[in-house]
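A short worksheet on the structure shown next.
Order of writing sets the labels: A, B, C and D. Residues in every chain begin at 1.
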Amino acid sequence: MNFRRWTIIRRLVQVGVLCLIASPLAGFSFFQGSLAAGELLGIPLADPLAALQVVLASGVVASAFLLSALGVTLFYWLLGGRFFCGWVCPVYLLTELGDKLRLLIPAGKLEIPLKTKGWMLLAVACITALSGVPFFEIVSPIGMTTRAIAFDGRSALLCLAGLLLVEVTLARRLWCRSLCPLGGFYALVGRVAPLRLRFQPARCSSCGDCSRVCPVAEVLVPSLDHGTEQIRSGDCTRCGRCVDCCPEGALTYCFGYSDQGGPR
Amino acid sequence: MSGAEEETKRVSRRHFLKGSLALPLALTVAGGLLTVPSLRRADARGFYLRPPGALAEKCFLGACIRCGKCVQACPYRAIRLAETDAGVAIGTPFIIAREEPCQLCTDLPCIKSCPSGALDKGVTEVEKVRMGTAVIIDRENCLSIRGLRCEVCYRNCPLIDRAITIEPRHNPRTGVHTIMEPVVHRDKCVGCGICEKSCVREQPVIVVQRTPLPQQDAYEF
Amino acid sequence: MPISGVVIKCQMERLGELERELHRPGSVEISNVLGDGSLIAVIESASLEEEISLVKNIMAVQGVLDVRVAYHNFEDQLMAE
Amino acid sequence: MALSRRDFLKASAAAAALAAATGGRLGATDVHAAEGGIRWGKAPCRFCGTGCGVLVGVKDGRIVATKGDPAAPVNKGLNCIKGYFLSKVLYGKDRLTKPLIRKGNKMVEASWDEAMDLIASKFRESIAKHGPDSVAMFGSGQWTVFEGYAAAKLFKAGIGTNNIEPNARFCMASAVTGFMTTFNSDEPMGCYDDLDLGDTYFLWGANMAECHPVLFSRLIDNRLKNPKVKIIDFGTRFTRTSQMADKYIRFNPQTDLALLNAIAHIIVRDRLYDENFIRKHVVFKKGKTNIGYGLEDKFKFADDPKPMTFDEYREFLKPYTPEYVSKLSGVPAKTIEEVARLYADKSRKVNSLWTMGFNQHVRGTWVNNLVYNVHLLTGKICKPGENPMSLTGQPSACGTAREVGTFTHRLPADMVVMNEEHRKKAAEIWGVPAEKIPAKPTYHATEMFRALDRGDIKVLWVQVTNPFQSAPNLSRYRKGARKGGDRFIIVSDIYPTRSTELADVVLPSASWVEKEGFFGNAERRGQQWFKMVEPPGEARNDLWQTMELARRLGHGNLFPYKYVEKEMFEEYRKFTLGQGKDLAPYEAYTKARGLRWPVVNGKETLWRYAEGYDPYVKAGEGVKFYKNKPNDYKAVIWARPYEPAAEAPDRQYPFWLCTGRVLEQWHTGTMTGRVPELKRAYGGAVCEIHPEDAKRLKVKHGDKVRVTSRRGSIVLTADLRGRGKAEKGNVFVAFFDENKMINELCIDAYCPISGEPDYKKCAVKLEKA
């Protein structure tokens, strides 16, 4: 079916998030803060990675903070970990834009493995512990973007422009696919997440449209080759583009686990 | 398993070693080398006037997650976020007293708003706040010390007669007037910066600085 | 170190000699002599105390009626823009 | 040539000293070379009644510098923060530089000719149609002597109306009537030297620390030198003055009347009075009681003094026992006893100082009388370091408003229009037929604005003041001003104000050293200055404006001067000679740093009525109140009872509202408001509330509160940490803020004798806004 239902919904959500972050500027008060920590209708939200860093960096333990972080983790676990990347993170939106730009100009083809994210996560943890500052919060393009939106942090925009440039010229979706430690974190969560993509081999006509649109094809393709029932990889962002583009409707969202094996 | 698969496995392992391990390691080293010195630089860069209840600078830099909630909580728009030029302090909240000092809201909304504990929830009344200490850095140019009736800093101090008092002394220049010298009391001054804002000189002669650490002294009197 | 301008009122008849008597380059410099019997002097000193004592000394000089400090290193109060 | 910094310093030093020695102008030429082209001249400060001397530095036709004048006896080179920024008050961006005429709702620029023609025609019309009492002038205690004198002469001797009042009616009138009723001559016997010489100081309703900063610094220095010195501050609000005083005594608003009677009661009861002094120098009198509050239009009052004996006076004081008054005032009886004893202590030199707390009072005249009573009973008056002293708020409230007599009922030098002799003398000096000067006073300030509201006054000219921010019960009079009809309002000012916005014609004025001037401060010191810079654009001296109107109305002959200021002053001086108010020749003032009248044979007078100081008191007389002929040269002790305020808190409006000033801003802030530094130092008016009251109202520091009286309502920021601490049940708001005009809330009740409104007491309610 070529009506791109999920993509449209997802765009709405992504833009919604941007508006949410910008809302205090317009004088609204139902949301405060940013993605690192915020408050929606009085419910405290916290980025689990940020919380982790605070503990590692300063040893300050604010229980309420950690609790809300846990809540957020559970939320994303339910929706499939990197659902955060695909549906919420403004940088993902940015790199998607990069993706579009790549079609227009000769783009670099550097390949860096998805697993790197995990190692980056570890790296951030180590540096944070060593330096005593929440390292990722300092360099994170996510933090920069949100601050740029909510508090017009002008200088941050430069870094983002730089990121976009790299994305286009060096490697496709470099940041989101391979480097973002937060993505790495949610990839771990996503492995055991109940919300997944369901694949019905019977319907598949092997047209390969899905693998063309998928930001992390290397986890989609093998699963399809093996004809497994679910895409179990934590790297899948549940973005649903494959669902939208599959002419046979062989790919759908599903909730719950199937015991069938297959590459993670 | 077929040989081809074997092949891909080995390739991917090598690939794994080359890419997904080497790169993060490189980054760890690089990042570490970058951060630690720049952290020191941030300290050397001198004094950020932090919002009320902020932990000691080093600890604060660790505990603050740069979310900006305190900025949105401040009714006087006194709190702003540091830009990239602040090194590791990027995104942390601070106050430029000369432009808009902390008005010491009775209910301290900024502290309430801080999620990570970088602003200490234990600080509940304004008298307990310690953002810094006001210091008269330029006695030569202080009009009050010159004998003029200024004392604007004193009269605007929210802890008037506690944090700043007037020490009157005879003015030998005129012989019949009093020099009414404003004196800051470190144990009471909260460092809100209202005095710095209100000083009438072009360059404020009273400014908020990092509160000096008490020095161990064997002598008691 | 303080610099001040002072007006020294003198007995008319001793004006001339006082001008010479009081003039000490580096500490007390007479800049003008006025018809009404007063000397305009600039006093330089290392400290306020020294300056005060200088003024006291001048006051003690026989023939000096009154010394008024008219200016005391207040130059930046000019606020010239 | 480039001077090194050190050389520059030395040059400046020499220059300043020279300026000091030669009175600025004289030295100017010599100084010129020395200080990179800055010429120095002397002038009194433009602000309060203290009258500090300043040196004004001029370069290329612009004031580039000011500094305290080291040669000025009042301040010896010091200033307060307002004086420090004097050089900036004239150079605000929005300075008025062209006459403006109202066309519909717009003010359009016009030439002086158009403007003056229009004004003159309006005056002529109105006088022809409705008589001379339909035109009026509202002037100022910031008028130079010349401006005030010219206006008074034009209106009283030219146009032939007594419709002339100064804003001093709003601040000094009660002091005047106090002096007149007790001594039959206006203005204090003492001078600022009393601040150095005394050892006991009672401050009544005066926040000297903020409103007379340099004098306060002098008073405190006296205490630093002399451990015996005691400063006792009576007030209804804890101020910076209270903070530095030895004792702060809070009393319930309006009960100062009772307190002073209680003090007298104790002094008489325990025979602590100076019998000899009383016998020689004092008579006792009583006047009417229940004299009303002047709330209704056209309110008239005439006192009817009856002599009484000491015993009758003793009887009158009977009820004012410390116990009774303690209940009334909230001051412990013990404290009242102590205070009375301090006042009477033979070993102490006692002074009383007061300002608006006494004067802006529905019984202002009475309370002034009562404080004199205490000094007269104890004979602590007319002695060095022992005097009652009324401080003033404006630079020439004394010099112009009071001495020149720019009130509806007054003529120069203590004379009044009601007195035929006085009219004759004035007419003679002014060279007009005696009958030209009307014998009946018309409206005092408040009544003047009521008359404007009613339409009895058609044409009103406002000079050097801002009544449509400073008048009480403001909303009524602001509305009245724009009611239309034949009403026509002219405002002369240097900046757009809340008054110019109501005007039909706005005239751009010259200010301070943009013209030659003469001020008289609170210690009878007259101070002259020369014009030093040109006013900006087409701005012009108010003196010229008044004389120009005179010329166009055909009264040009009243001002036949060449060197206007000098000749006018010499003419005015004729009034003062031999009256115990003698002024020196103009020349003398151009050299001196001011002289305190009476000046007889070039010698100024420090203490009036005192042998050895006042040339009018002959050897052997000791003290003589020689101005009080009607009471054969004795001062009057008045039996004045306690009477309640015009409006007191009730269930509906439970708080007292008091208004006043802060150090950084002056009056309606039109000048200080143009100095960015002062604006930053104290930006806007706030509402001082007692923490417990605030708690009850659930108001925190910084919250917005709505303050409402029966006359108006404004929203202010609550201040619980401020420099001033409101007492329970009281709130205080400064009146300088043109965006928060607290006077809209003030009641326009006034002292029936002085006509001065009570800005210190009315009832308001507070709500969290």
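Just so it is clear, a contact is a pair of C-beta atoms (placed from the backbone, for glycine too) under 8 Å apart; a residue touches a chain by one contact, two chains touch by 3 or more.
These numbers come from a predicted model, not from an experiment.
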item: Chain pair with the most C-beta contacts; value: A-B
item: Centre-of-Cα separation between chain C and chain A, whole angstrom; value: 81
item: Separation of mean Cα positions, chain D and chain B [Å, integer]; value: 47
item: Centre-of-Cα separation between chain D and chain C, whole angstrom; value: 38
item: Interchain centroid distance [CA atoms averaged], chain A/chain B, Å; value: 34
item: Contacts with 2+ other chains: residues of chain B; value: 173
item: Overlap residues in chain D, where contacts from two or more other chains coincide; value: 77, 84
item: Where chain A touches two or more other chains at once, by residue number; value: none
item: All pairs of touching chains, each written as two labels joined by a dash; value: A-B, B-C, B-D, C-D
item: Chain C - residues contacting chain D, complex; value: 3-7, 29, 31-32, 34, 36, 38, 40-44, 68-75, 77-81
item: For the chain D and chain B complex, residues of the former touching the latter; value: 68, 75-81, 84-85, 196, 210, 213-214, 216-218, 220-222, 224-225, 240, 243-244, 662-664, 677-678, 680-682, 700-702, 721-723
item: Residues of chain A defined as touching chain B within the complex; value: 24, 32-34, 36-39, 44, 46-47, 50-51, 53-54, 57-62, 64-65, 68, 111-113, 115-116, 118-120, 122-124, 126-127, 130-135, 137-139, 143-144, 147, 150-151, 153-156, 158-159
item: Chain D-facing residues of chain B, complex; value: 75, 103, 105-107, 143, 147-152, 155-156, 158-161, 166, 168-171, 173-178, 180, 197-198, 200-201
item: Chain C-facing residues of chain B, complex; value: 141, 146, 172-173
